[in-house]
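Please find the structures below.
One chain, chain A, appears in both complexes that follow, with chain B as partner in the first and chain C in the second.
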Partner chain A sequence: MLELIVYGIVLGSIISLGAIGLTLVYGIIRFANFAHGDFLTTGAYVALFLVTGLFSWIGIPDNTFGSLSFGWRMVIAFPLAMAVVACVAIALDRILYQKLRQKRSGAVILAMSSLGAAFIVRMIILILWGADSLFYRPGVMRPALELPLGVKIRPDQILILITVIALVGALHLFLQRSKMGKAMRATADNMELALVSGIDTERIIIWTWGIGGALAAAGGILYGIDVQLHPYMGWNFLIPLFAATILGTIGNMYGAFVGGLILGVAQQLSTAWLLPTYKPAVAFVIMIVILFIRPQGIFGGSSS
Partner chain B sequence: MIILEAESITAGYTEVDILHAVTVRVSSGEIVSVIGPNGAGKSTLLKAVFGILKPRNGTVTLKDEDITGLKPDRVVRKGISYVPQMENVFPSLTIQENLEMGAFIRTDDYGHRIEEMYDLFPLLGERRKQKVGQLSGGQRQMVAMGRALMLDPQLLLLDEPSAGLAPVLVSGIFEKIKEINATGVSMIIVEQNAREALKMASHGYVLAMGRNVLDDTGEALLANEEVGRLYLGG
Partner chain C sequence: MEIGIKYGSVFMQRHKKVIALALASGILLILLCFVPAAYLVSLAIMAGIYAVFCLGLNIQWGYTGLFNIGIAGFFCIGAYASAMITTPKPTGVYAHYVKQLFGLNLPFVAGLLGAALICGVIAFLIGMPTLKLREDYLAIATLGIAESFRLIFNNEHWLANGPRGLMGLPQPLQNLVDPKHYNYIYLIIIAFIVVIIYLAIERAIRSPWGRVLRAVREDEGSAAMSGKDVFSFKMQSLIFGAMIMGCGGALYAHYTKAISPLVFTPLYGTFIIWVMLMAGGSGNNKGAVLGAYAVWGIWIGTKFMTDLLPYFLKAKAPYIRFLLIGILLEIILIYRPRGLLGEEKRVSKLAD
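Let's look at the complex of A and B:
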């Protein structure tokens, strides 16, 4: 049981990275980006291309660190893939969503167009890499460390947690301390007033997409390291992402983080009684329950 | 010297014009009050001056520069600040952060300006780390004015600063407006509370149905019988 909770926290931390991006974008542009799950997939596959393709071609050594399943190639590929997906997210906004916003399209039109964008992105991945499950390093099972109380955890998973905490911590500092971060929060609060204060809100939107895309890419890569890569991995994450976002109050980054952890633990715990194939259903049930009893989420107060 | 001239402005949100050739002038250092019944187009006038609404006709001139149709984020760089009537603060940000956002386009060190705002509104200085969403209506109005003043504007546009405030707070806000004006900031104030607004104004404009009806000194309008009967409640 305790082991399932630990695995749930690992899964939840990955969900958090996706949910934070989703909630930031919603906070500023007020629409549900159904393509967000596929940003996770894109990040994972861009890293795969770098690790198994480009980096072996240019001759970066294929080592591993101690008992981890990856080495220098992944360390370099990780930030690069985040940057690539940040650019993909920004490009998608410039060529699609911004045009629709200018035409004053409603939230439903934007959401539907993001669904279309999601299909396009996923099909491109299917064409390039096929429909099979892939691994960054196939065929190696890393031994698990034995923790007290009989909890087994792989070194990879410990590193996943550390990475997520570092990324969320960095984002927290950025939003609280930097001028751009504060302007992002201000714009999410009241876009009209931000514009009136001289804040270039289009630039804020670009930053938001970039951060959301980069975090999603990180989530996708970490899931690829922990489990496997699959063209539908991000799509399958979409329900947990939305559930975590709503649970933690839409637009609230800290809520999305907590919501992600809760979703991850709930999904893993459910496997004690249910088949693992029911995991998405668990997320769905949580989302429906929260919409019924507390649609404003756990952090939805009376402010604003 | 005239610092702002909005000359025969015609504007509206849709096809329908709300303002019909309205003219307002502000001289350096003065308070201009715009009064009139609900729906007279008072708020629309401010929005047209600030570029939130693009005038269909007419010109807005700041000093000698034509700023007609400039977007708000450009107009604010020219030295005009605007305090909307509703939703004029960032509720999830602290008081300090709200003021910082007001100074967003400043590249110099504006720390002294923030301290000046806390001198002007001592109440805000005591709670600078508090989220604005937790403040009362009167305190929010102070934050809103503080934010707009962070850029040392030449001209401040205030849309109904006393709206929604408890009567005891109204006179306090008007006192602050006079204090701000005394530091050399010119203002256009749109007000329902016409008597108070005219008392502090050196110049007043009466709008009705989107047209100029009367303009005169504040004192003269207060003394005007027709204005008294129609707009000051007898």
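Let's look at the complex of A and C:
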């Protein structure tokens, strides 16, 4: 049971990375981005291309760090893939959402457009890599460390947690200290007021997509390291992402982080009684319960 | 002479749409002469089934503005409900191979009504927590229900035979003709049902009830201020649309005679239906039917296109086809959000 909670925290930290990006987009650009799950997939597959394709072609050595399942290749690929997905997210905004915003289309039309974008991105991944499950490093036995109370954990998983904490910490500092971060928070609080005080909202929107895409890519790669890569991995994350976002109050980055952890633990605990394939359904039930009891989320005011 | 030309150009101006439509259908008819009739019939049946879904979605989205992206869920439930209502529960040796929760062995019409009823109940349950909240919560919830039902039907063998699904579903008026020509009968049944649903929705939409729906879509606040119970009207619209989708699911099940959870994916079950409605024109029932036939035609057409691809790309053909459909949706959303036909004016012509 304790072991499931630990694995749940690992899964939850990955969900958090996606949910933070989703909640920023939701809070600042104000629509439900149904393509966010597929950003995770894109990040994972871009890293796969770099690690198994480009870097082996360049000749970067393939040895691993100690008992971890990856080495220099992944260390270089990780930030590169984050940057690529940030660019993909910004490009989608320039090609699709910006045009719709200019036409004053409603939030629902934007959401529909993002659903279309999700399918387009996924089809491209399916065309390039096919429908099978893939691994960054197939067929390697990954030894587990024995922690007190009989909890087994792989070194990879510890590193996943450290990476997530570092990324969330960096984002926290960015939002609190930097000028752009403050402007982003102001825009999330009140779009009109931000416009009046001379904040360039188009620039804010670009930064929001960049950060959201980069974090989603990180989440996707970490999931790929922990479990596997699959073209539908991001789509299966979509409902947990939305559940975490709503649970942590839309627009609240810290809420999304906590919501992600709760969702991860809940999904992992459910595998004690249910088939693991039911994980998205578990997230769905949690979401419905939140909508009934407290639709504004745990960090929301008394009325939504 | 001059008058004749002038009159001619006025005629062209006034009937631009009609002429374009006549030309397009003329070209289409010529093209269709090269396709075998049996193939055309099956194409028309599938497009007709999708037209039912488009009409259901049109009530929810086109007239009320409800964003349902879990059509696949109602598709799935409708198909399974009708399948279990119209088949007997397996007995004897058979029961070892095919497990299903119940089997009532009732006629086709009972399956159709049962599917609609169950989908209506499910819609009510989804509407309860979501319809009072922001519009996108409904979208997320319907998406969740669609994914969940697919998982349940796939994993719970006792419910409806798991991933292998149900087979040998009965077809209405099965013994009337040679099985080889049965599809013609089914096409007539589908056409009949599409017409009934079309007329029912047209009637409902032109009534005071329909006017309230459109008021809710345009401005919830002012509809509420005029003393309309917005939540209740949204709920009625959601349920009405879901019931029609349930019928669509049932029609599909009895056409293919075999269903499995693998069919009801977000792509075939939800996404393509949205593209159809947006292409045809949301808020227009003629547009919904036209969109279903047009997009299904394009979908089939892309199959011929991908057949021409080099060998190593053939395996990727379905993905390429869906990629094209996705791009089509984005183009419609940006350049022609009204769709082919756009919404019809429903008020008196004198009022404008």
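Basically, the second predicted complex is superposed on the first by the 301 of 304 C-alpha atoms of A that agree within 3 Å, B and C clash if a C-alpha of one lies under 4 Å from a C-alpha of the other, contacts with A are read in each partner's own complex, and residues count from 1 in each chain.
In the analysis below, a residue touches a chain if its C-beta (ideal position, glycine included) is under 8 Å from a C-beta of that chain, and two chains touch if they have at least 3 such contacts.
Here the structure is a predicted model, which means the values were calculated and not measured.
Judged by the touch definition given at the top, the superposed model places A:242 against chain C, while chain B stays out of reach. In the overlay built on the shared chain, the residue A:298 is in contact with neither chain B nor chain C.
Judged by the touch definition given at the top, the superposed model places A:120 against chain C, while chain B stays out of reach.
If you count the residues of chain A touched by chain B and by chain C, you find the higher number for C.
Looking at the shared chain after the overlay, A:280 reaches chain C, while chain B stays out of its contact range. Legend: residue contacts after superposition of the two complexes on their common chain; A:189 is shown touching chain B, with no touch to chain C.
Look at A:134: by the touch rule set out above, it reaches neither chain B nor chain C. Once chain A of one complex is fitted onto chain A of the other, the partner contacts of A:200 are limited to chain B, with no touch recorded for chain C. On chain A, the surface patch touched by chain B in one complex and by chain C in the other comprises residues 304. By the touch rule above, chain C contacts chain A in their complex via residues 65, 67, 69, 128-130, 133-137, 139-141, 143-145, 147-148, 151-152, 154-155, 266-267, 271, 274, 278, 315-316, 319-320, 322-323, 325-327, 329-330, 333-334, 337. Residue ranges of chain B in contact with chain A, taken from their complex: 50, 52, 71-73, 76-77, 82, 84, 87-93, 97, 100-102, 104-105, 131, 133-134, 147, 151.
Contacts from chain A toward chain C in the complex involve residues 31-32, 34, 96, 99-100, 103, 105, 107-109, 111-113, 115-117, 119-120, 123-124, 126-127, 130, 235, 238-239, 242, 246, 275, 277-278, 280-281, 283-285, 287-288, 291-292, 295, 304.
Partner chain B is touched in their complex by these residues of chain A: 179, 182-183, 185-186, 188-190, 192-201, 302-304.
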